[in-house]
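Scroll down for the structure; my scribbles are underneath it.
Which chain is which? They are A, B, C and D, in the order written, and residues in each are numbered from 1.
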């Protein structure tokens, strides 16, 4: 960390800051410029609270040198994290496609979708049993009944299951049924929940909050990692901006940026990222071209009857077409689908 | 709800939409313009899923007529909600000031602060025992030990306590100690937690999410109201924008706007809303002038040693000065402090 | 347009609104719901000011039915606009790549870059002679001298020139030298400038403002179109969000969305869209995959000595590699480069 | 400026950066930490381009120490800038209120408004003759005819005039009629226009761009100051966020923050800042309470017939009530109205 003193900071102020830093067990490196004195802090491994220093007399501001995430960083872990789910190597040349309905609504709806996405080439079945809804009057999911239907669909199709968990207390139950635990965008900073999935013996799909920075996403991953769970898949799903024609603004450059900063695999959710089914296919192609490790896509046999997210769901036949159109793009960037 | 058909929508498409709406138990009101046909839906009280209609052939988009919140709306409940906490009428002419440290750090720190803010005229003591922190390596709060210290401070000063709850499982424990349960910004859409505090017999301080619209804040209140808890205080605490000199951008017009839309009391958090202690005093004056029902302010006896939020905490003497400077502003707008 | 009356609006209020609409030469279509009366306005082709109606007693709000752009809309002009620049069909299967330095700095710098990008397959040479800079103390461009160097580079390489114009008075001068007039992001709503380029006999590259909606971009194009200039290329170049690791957030779904709404060609600027040269290659691939009609990319022979935008400029050899990596992606989506 | 080298940067890389800095005429101050080497640059007064250094091998990033504005900064000019317009001391204890219609529409409309706002206590008459409109089909202002009407209104009421200028070529004409030249939000970074008003012998009202940071606003002021014009009034008028119930989000803390950073006077525009006339009164009170030096408010005798901005315009009688309600707030913060 670096401390920038105010123009005209006195010798006494500088000495006080220096003394405080040394008292915290760090060494000081002083640099006197023409307009400002700069104090470098040479650490002892323990983080110093920037705000404490910033409040001392004569200090203008401090500047952080190191990024705040460690276990999630590529500096700490230079090689890509790759792990298998049902034989698919997540984070490898092989792309992973997760597909299925927003919410599990009925046995018929789920099984029809599961068979269709399997047929089209998907590797994982998605479907929500517990649904976080903006309105208390909207459909909140089938709960454990939905989890049981997901397990049936896995049995019939062989597809592993990814489903969302909303409450720390639900984690053991959901982990009984699910192959991957999903943390939704609204819960990216629900630390009690991050703690709970960090201790579960299950891979985690961690979605970026709709108004979270990339740094905050990596800090959320750091929570899970710090509880010993290393099987994390990050997911870019669009952020909130002033643009109103789309539900969110998909941050496509987040993918290569996260790949630079971190070793964790990253997939893209073009359904939430755009909110419009017509945009799902072109944006999926972009995600593959930019280097994402996979996609998670909403598919519903009858979007116009879906209990949630119909507007952004593909019909099974459109999903099959999409999968076809992705193969040459994947090949063009040296990946397989 | 209104359905706007595409330019050139066919008679069959219009008939299909009409049939679907009637099948959902609603009546239809057709209006054929020069360029577009518009279909009005006359409801039967049950909400229709807009996306289902938007996906039908020939439909361009739908327009919602009614706001999605009901129990929280002033249409439904025209008179201001006013309720007492320890003799203070929240939502009345009397302003409420909640003050105290970001986190409870020690007995000495808490009691010194509690006495000081009481002396200066605060009505409620704030202090976090469970802290949501971006980094897993930051101080996470003293937990139940912190709650016990808060209870002691209440005993010594007579000030009621507001403290944050992070996890639905913690609600019964926190409710044992706290007079007001705080839902923090990161948890505004943590529906499991909203459910839990909705069922607790305690007033709730509900902070606006840093990424949330006013409508979403009112929908979060709707969750709590729909579980039978009507003692809710809303809190504007700044939203995330591109501006980088402040931690958040305090949305001052949210206060009168929420007053128009809802009957619930609204307070302002100038500490998080700005992130800089120098801005807390002027912004507090603005909050009182704009019509807020109160303030929640971070105070710490030694901000430069605070374990969190030091940069935005006032020293007790500055807090006392602030209280003095607020009184004439309150009087100018017909309120008392 | 539709007028939504307040709950409890009186008959007199409804009659007044109706009378006003008829006085403006429109017809009225009344629909009385259980909770609200809705008044549809059947127009006479002239737009009605929504705010005028919204201010009438008893009116809650109005809802626009038609989009505000006309000449720019696909409804009005269903076929793609395609036009030639130096033999390249902009908006066709053939992608267009514009490349060159942010600013023209010297004869040597420009010619070295021009030859290199030509060699690598670029179709248009970019380079700023008049530079809009945040600081009055930064390099402001070579002015007309820069335009002359651009003309020389065209003569030597055969590449047509795109360069920015900042001031309506400069348009005739810049149009003497340039093949395409660029309107930068900061000037997207500089209406005097849009007017001036609308009357120039030159194609226009119109960049999206960094905090402009897609609708506003199309309205800016509408200004140019309404002055009779139909040769417009739109450019997505990233918008401003809260994310701080990148300079802007490139809105990748803007490309297919604009293609739906409008007939105008759209290209992507991955250099400004990310602000980091390492991200230019993956994001360029994404832009091609999503369906953009081309790219505009900053290239500098010595980015570490560039007088502006060095951080996002590619070296010529990296640009050549990028062009190679784009060809299979273009082929995968049925385009040629 | 400070250069942060990458973890593992080599001695050669460090030596190259050092050599480059010395070649630019600066001195170097080296600090080797446990994980990173930091290079401080001790300047010679001329700014160094950060991007040039950031692109050198082994460099992770650079950190700016000094703020980029100088003439606009309080460091450079510690005392408040105060100047008179028609006897009103802008920037003094005396608040300035500018009021009038969004656009000059007719002689009757303007004179009626001018007399009314004068009567209610306004000090300056506002009114647009050249209007920047999102749509080319909206009313664009009366042009010079509007300026003549403004001059008439000044003659009749004695109120000085503030009016917007859109095009550098118009500056001499507008300066003939206006007492204060307004730069609108869309033109805050129209550098040709900033240059032109910088050279005019007229005070300038500079509105913050709806997409601009406070630093960029001060840099825009720096452009005008660097051309020798020191009579600048800054104006906070709301920024664009994701919130949709208001037209913009008024950044109330920008006022005290600008006062810290700069010596220039700052006023608030609650009309554009909210977009709703019902919010203008409470937000005006907040602006006075937070320490603004004045207000600019839209007033129209018949908002429901206004050719622009009707929804945010006050009727004259409401404006008079607002002025009454501001006086006690002004007094409460030691200001006069």
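For this structure, a couple of remarks:
Just so it is clear, a contact is a pair of C-beta atoms (placed from the backbone, for glycine too) under 8 Å apart; a residue touches a chain by one contact, two chains touch by 3 or more.
Everything numeric here is computed off the predicted structure, so don't read it as measured data.
Taking the mean of C-alpha positions as each chain's centre, the chain lying farthest from the centre of chain C is B.
For the pairs A-B and A-D, the larger set of C-beta contacts lies at A-B. The distance from the centre of chain A to the centre of chain C, with each centre set as the mean of the Cα atoms, comes to 31 Å.
Averaged Cα coordinates give chain A a centre that lies 26 Å from the centre of chain B. Between chain A and chain D the centroid-to-centroid distance comes to 38 Å (mean Cα coordinates, whole Å).
Residues of chain D found to touch two or more other chains are 211, 240-242, 244. Every residue of chain C that touches chain A in the complex is listed here, in rising order: 211, 213-215, 239, 241-246, 249-257, 260-261, 273-274, 276, 278-279, 282-283, 285-291, 325, 328-329, 331-333.
Of all residues in chain D, those touching chain A in their complex are 2, 4, 7, 29, 31, 33-36, 38, 40, 42-43, 45, 63, 65-66, 75, 240-242, 244.
Contact residues on chain B toward chain A in their complex (touch as defined above): 47, 49, 51-56, 68, 132-138, 166-170, 186-187, 189-192, 209-211, 216, 219, 222-223, 226, 240, 277, 303-311.
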